[in-house]
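You will see two complexes here that share chain A, one where it goes with chain B and one where it goes with chain C.
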Partner chain A sequence: MSKLLSPAKTEVLFMGNEAIARGALEAGVSVVSGYPGTPSSEVIERLSEVARERNLYVEWSTNEKVALEVAAAASFAGLRSMCVMKQNGVNVASDFLLHLSSSGTRGGIVLVECEDPGALSSVNEGESRYFARMLEVPLLEPASFQEAKDLTKWAFELSEKIRNIVILRSVTRMSHASGNVICGKLPEKFRTARFISDGSVMDPLRGPVVSTPVVIKHGLQQKKLQTAAGLFEKSPFNSYTGPKRPELLIITSSACFLYSREAIEMLGLQKRVGILKLSCTWPLPEKLLKKYLRLTDRIMVVEEVLPFLEENIKVAAMGMLKEIGMKTFYGKMDKTLPSAGELNPEIVVAALSKIMKVKPASLPAAYVKEIQKVAPKIPPRAQTFCPGCPHRASFWNINTALKLDGREGIVCGDIGCYAMASLWPEIGFHTVRTLHSMGSGTGLASGFAKLAAFGLDKPIMAVCGDSTFYHAVIPALINAQHNKADITFIVLDNAGTAMTGFQPHPGINESAIGDPLPSIDIAAICRGIGAKVAVSDPFDLEGTGKILTSFMAERGTLKVLILKQACALSPEKKGKKQFQVKVNEELCLGDHCGCNRLCTRIFRCPALTWDREKKKAVVDEVICAGCGVCYSICPQKAITRTEVAQ
Partner chain B sequence: MKKTLIDTNLQSKVYRGGKEEATQSYSTIRRGVDDAANKGRRMNANLYKDPTNIIITGVGGQGNVMASRVLAGMLVNAGFIVTIGETFGMSQRGGSVMSHLRVSSSSVLSPQIPQGRADIVIALEPVEALRVLTRYGNPDVAVLTNSRMVYPMGVITGDFTYPSLDEVRTMFEKLAAKSWIIDATSVAVDLGNPVLSNIVMIGALAGTSLLPIDRRAFEKEIAKSIPAGKHQINLTAFDAGAKMI
Partner chain C sequence: MVELSLKVKENSQKFLKKYVLDEGLCTGCGACVSICPYQVIYRDRTVQLHQCDLQDGNCSAFCPRTPADPAALRKMLFESADLTPEIGAVKGYYFSRAADPELRATAQHGATVTVLLELALSEGLIDSAVVSTRNQEFLQEGVIVNNTEAIRKNTGSKFTVSPTVAAFNRLVTKEAGNVGVVATPCQALALAKMRISKTEEFENKIKQLKLVIGLYCGWTLSVEKYTKLLLDKNITPESIRKMDIPAGKNVLEIFTDDGAKAIPFEEVQACVRDACQYCMDSTAEYADVSVGSARFAGSWEEVRQWNQLIVRTEKGKALVDLAVKKGVLEVRTAPEESLNELKAAAVNKKKNALKNIIRKSGSVKNLLYLDSRDPAVLKYLTKEVFNKKVK
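Up next is the complex of A and B:
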């Protein structure tokens, strides 16, 4: 039995994302949709495992906007639904979100967005909390694992009460952290879907679901927000812990609550500093806020990335100045805390010790000295493509073709593991030159290709992964074809949404819960818009190289090369070697080869290492994935490969 | 007892199922934020330090996350409150990985252990142990490491040098109160799969007696979290590890 279906009252260890999933189950959710993205993906993964038992429809949608539309339809039909994405996804979904928040909803609907302060698995640390304020919808932020479950459940109730969508925001240190959670009851009955639209446009439950008449509906939406604020005033999710008259009040939310609490304990300030933990962060519960702002004159707001909470609290405090008096605020705006990067207990300790004039405990000086001696002897461990990764071979192919061409072609990158080729250039042989949002590489390439008239006449390429292709590349590709952009567009098709854990996408013939689905062929789509298409195996260096060279020679049109090879970590491949790879010590010339150690210095596969004593290349068989590509790159043919019987 | 005001708004009401009702069913909320609500927990063992801060580290793909889940599961079964913090995803491809486990009888803690506050470091790779020690170490820390080296790219290319096992041992002596270096990977390879190194390490951890975990606790946990066909091999790996201490 899945842990997610543990009986009521049992205490289990849940990852934050699992706690959110359990909360949704306890709320009786029927439809769940989303697009994979770290740190959000496990919410849908775990729910898809229990979909049959809990009568759920779970879908990995093509992108976040479509996912939100799928979830909204269920809400319109009176079901409870949830849509899950990472912070960037909210940008993609935001156009629909604006209209949805204006039209209102029916069955409880929750948008779960998991942010990544510090960009641990992102190429930005974008903030989505501001969408709640801008689009006038409630925002909830759990501050513990138990709360992640309970607050998710309550979010559905709140949404149904105000008939509008509710945003629940998590962060990496909540979503990907784990803690004890006591389970609640799972509902015994399931709802049936009914969509009624025979009433007047002003009838929220029987009329057509539209955002018009705009001014009236907008006013109505603002009233809903006021209702939410009223509920927040008394919500058990907002709490104060600390002395009756603290010298300093910390106002915080999310994982920062745990950092703040630990920092207070580390400095022994329990009797001097209080914490107001807000889990309902927009709209602010102003009466509650007033009650605690009155306790003291000094306030520190602890939150990650931008000063969202701080700004809102300051604005609210201005409005109640007469009653609460002047305050001194500490936070991002006065640089007490950084507004870039994630926080941790030490950062809060540093800020607190400065304000409270106490000294944090430190390590013995002799120990610090030893650390300083050891630290420089530790070799750094930079990220790299895994052994057997098809991207290493693909970029080898692209880079070699560009070098042979000699015109310094430009390659635009996109979002996936292959983005590492632009973040840490030596990983992808210094091949990729731009990296932005999903699908942007192809749009940028389409633009670069039009700059020849202005003197930038170079081969233009774009790379994207298979999941990214469906997500956001298709409009850019149609743009390129229609506007006769001369680009070589390369799909790095590794058979799944690999970076986030192999979630299926429209090119895979099964659903989130493993049911068969028709797959949509990338090559057919590209041929359908009139592009010239070729398919190759990136591990076939010779064949792929020939196609690339011929594509670059062909001017004035869109060419598509699909490089198909499953990710080395994919379930069907993991642990299975295609080749047994060895270095023939007699043939390897080591440092005397003249290749400048192409295999270990340039190709950079972690399984291809260097024997310092023999001064020759050697394969680490524990790590080697058996792709056999290094066999093709050794100029001395010293690397041998033997096919392993499957 | 310190005088602390805890105002959880718990007497208030929330809206549920079409009508307002008391928040009785939300009483669990306090468990996450209020230590007082965790009083009277029944633990069937004791910690030598409360909280005990454990870091499991290694290289992506070595089974770090699985080791942290199994260990945490054993401790939750014993009645403790465990908070795990980890990062995975693209950020860890081929890079260093780290799981922070915090074991307490009363508190949900920050998922990030503060600098200098690790009590036990378990490393699937030797320089990863050193890396963790330089940030989270203190004179009382205990270290258990696998001796199998995974060379970082910079070492393979020749830009950096990797310390010898003897050098690593000397550095441990300076930075840790107790240390064990075992060849868990060789044992795992002999058992047929190098990825079992993580379970060999968990067995070795049980062998150190630093934590209230034993074979029975391991058996109980894997019965829940690992497919039945793999129980025996995992138990064998656990036993092999325990014997290495």
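Up next is the complex of A and C:
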């Protein structure tokens, strides 16, 4: 049995995302949708595992906007639903979110967005809390694992109470860390879906679900927000710990509550500094805030990433200035804390010790000495494509084609593992020049291709993964075809949403819970819009190279090359080698092959290592995935491959 | 000059890119290709696929467009008494032709190259030869031949560049025995630079080079431009059987399946590879023998049947003597005025090259890949050359 279905009152070690999933189950959620993205993906993954037992419909949608629409439909039909995404997914969903928050909802609906401060697994440090303020919906931020579960469950109740969507925000250290959670009861009854829409447009439960009349509905939306604020005033999720008259009040939320608590302990400031932990962060519970702002003159706001809480608290404090008096605020706005990157207890300790004029306890000298001795011995582990990764071969092909073409063509990157080619240029053989949001590579390429008239006459390429293709590339591709953009568009089709853990996408013939589904053929879509399409195996360097060079020579149209090869870590491939690969030491010329270690220095497959004593290349058989591509790149044919009987 | 040599040490491949490829000096000879996986020839361009970080790689050491020590090269290859400033070492200067008239009909002019190559192979002086071959388009590549049939399949001038040295590099990577190469001046220079190269790992490879038959060369054509020109004239590359530049007619003759066609010379010259205008060598000065078309008074049909032949080394002399002795090559002494004409033409090429180099570098002090201290360069750094630059 999945631990997600643990009986009530048992204490279970849950990852933050599992706690959120459990909370949703306890709330009786029926429909869960989302698009994969670190650090959010486990919420849906775990729920998909219990979908049959808990009568859930779980869907990996094409993109976040569609996912939110799918979840909203369930809400309109009176079910409880949840939509899960990473921070920048909210940007994608935001257009619908604007209209949804205005039309209002019926069954409880929660948008879970997991943010990635420090961009550990992102190419942005997007702050989506501002959407809550901008689109006027309530925002909740759990500050412990127990709270992650409890607050999720309560978010559904809140949503149903105010008949509007509620945003629940997590961060990497909340979603991916684990803690003990005492489980609540799982409901025994399941709701049935009924969509009643024949009532008046002003009837929130029986009328058509629309955002018009806009001004009236907007006013209603704001009343809902006031209701939420009222509930927040009494919510047990907001709490104060500390002395009656603290010298400094920390106001904080989410993982930063844990950092703040630890920092206070580390500095032994328990009797001097208090913490007001807010888990209901928009709209702010102003009465509660007033009560604690009165306790002291010095306030520090600790949060990730932007000063969202800080701004809102300052605005609120201005309105109650007469009652609370002048305050000194510390936070991001005065640079006490950084407003870029992750926070951690050490950063909070540094800020606190400065304000409180205390010295942090230093580490024992012997310990520091030992660290300094050991630290340089830790081998650096560079980011790179896995052994057998098709992307390495694809970028090898692209680089070769670009170089042979000689016009210094531009490749626009996109989001997926292959984004590493932009982040660490040597991994992609210095080919990829741009990297933005999902689908943007193709849109940018479409634009670059129109700059020839202004003097930028170079071959333009764009790459995107299979999941990204469905997510946001199609409109850009249609744009390119319609506007006769001369681009070579390359789909790096590795048969799944590989980077986030092989979640299925529309090209895969399986649902989130493993049911058969029809797959949508990328080549057919591209042919359908009138593009010239070729399909090749990136491991076939010669064949792929020929297509690429011929595509670049063909001017004036959109050309599509689909490079199909499953990810080396994909479930169907993992552990199965197509080839047994070896280095023939006699043939390997080592340092003197004149190739200056093409295999280990340029091709950089982690399975190709260098024997420093023999000065020859060696295949690390343990991690070699057996793709055999290195056989094709060795100029001496010193790398041999033998087909392994399957 | 000194400065450039120092830069070579920094990173050979970057040097090659900055001072040869980006400057449009690359001859496309193939010397830097097939010694490593980083440089390749694509169509008639040298392409650097990946960055190599070797400090003193063979690529820039062998390139005929990087600084060299010409005095050392000459000393290694030739007897000092034979050296002339205009056309390099001359042991003997002849008109020559194949004794076999059938061979003359298929090969270029007197078929001297074919005769010498066949002889060198049949006598076991070499085990294989590297010559150039042309594909359906105008793309050439070096090809390894070791029998008469293969040699005769690839006779004739092609006028575009062939990365012949790349094929040589491929051949000598493994034990190939003794090798002969038919080389243009830039290719012969590259091979000479290989011979003087001190790198241990290349020593065994270059030892296999036993014979260089040089070809006179005034220029080569850019494949891209030339193909376009021919297309404009409705000539498909695959229909071409033979090409020639007849004396005094100012045209390029093209013999196709549909008959002979002549293209005005100025149109052809517009297709000349940029790199060729900076070349000082029209007679393949670093070869064992050099062969070109003959120029003497008489009907073109007669002249066309002959070659000019410069014997430069002992090895070259021995081969030519043997050919005459075996009766496969007819040789006649060329008149003095013919040699003088050749020298005048060679000097003209040198001066033009210097002029173009100075125009490109913007300074008499910067002769790009050439060494102003080299007497063979200094001699032609005349006022005339300067003045042209000022203009």
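Note that the second predicted complex is superposed on the first by the 630 of 646 C-alpha atoms of A that agree within 3 Å, B and C clash if a C-alpha of one lies under 4 Å from a C-alpha of the other, contacts with A are read in each partner's own complex, and residues count from 1 in each chain.
One rule holds for everything that comes next: a residue touches a chain if its C-beta (ideal position, glycine included) is under 8 Å from a C-beta of that chain, and two chains touch if they have at least 3 such contacts.
The model shown is predicted, which means the values in this text are computed figures rather than measured ones.
With both complexes brought onto chain A, simultaneous placement of chain B and chain C is permitted, the two fitting side by side without a clash. Of the two partner chains, neither chain B nor chain C is touched by A:455. Of the two partner chains, neither chain B nor chain C is touched by A:516. The superposed model places chain B and chain C at 100 degrees from each other around the C-alpha centre of chain A, with the value given to the nearest 10.
Of the two partner chains, chain B is the only one that A:255 touches; chain C does not reach it. Judged by the touch definition given at the top, the superposed model places A:556 against neither chain B nor chain C. In the superposition on chain A, A:240 contacts chain B only, with no contact to chain C. Minimum C-alpha separation, chain B to chain C, in the superposed model: 11 Å.
Chain A residues in contact with chain B (one complex) as well as with chain C (other complex) are 601. Of all the residues in chain A, the ones that touch chain C in their complex are 399-400, 403-404, 406, 429-430, 589, 592-596, 598, 601-602, 633, 635.
Against chain B, the residues of chain A that register as touching in their complex are 3, 11-13, 38-39, 120-121, 143-147, 150, 154, 157-158, 161, 172-174, 176-180, 182, 184, 231, 234-244, 255, 257-259, 261-262, 266, 270-271, 274, 277, 288, 344-346, 349, 362-364, 367, 370-371, 373-375, 377-386, 417, 419-420, 499-500, 569, 575, 597, 600-601, 604, 606, 608-610, 620, 622-623.
If you check the complex, the residues on chain B that touch chain A are 2-10, 12-17, 23, 25-26, 28-29, 31-34, 59-61, 69, 72-73, 76, 81-96, 108-112, 114-116, 127-128, 130-131, 133-134, 137-139, 148, 150-158, 160-163, 167, 171, 174-175, 185, 189, 193-194, 224. Taken in their complex, chain C has these residues touching chain A: 35-38, 40, 42, 45, 47-54, 57-58, 201.
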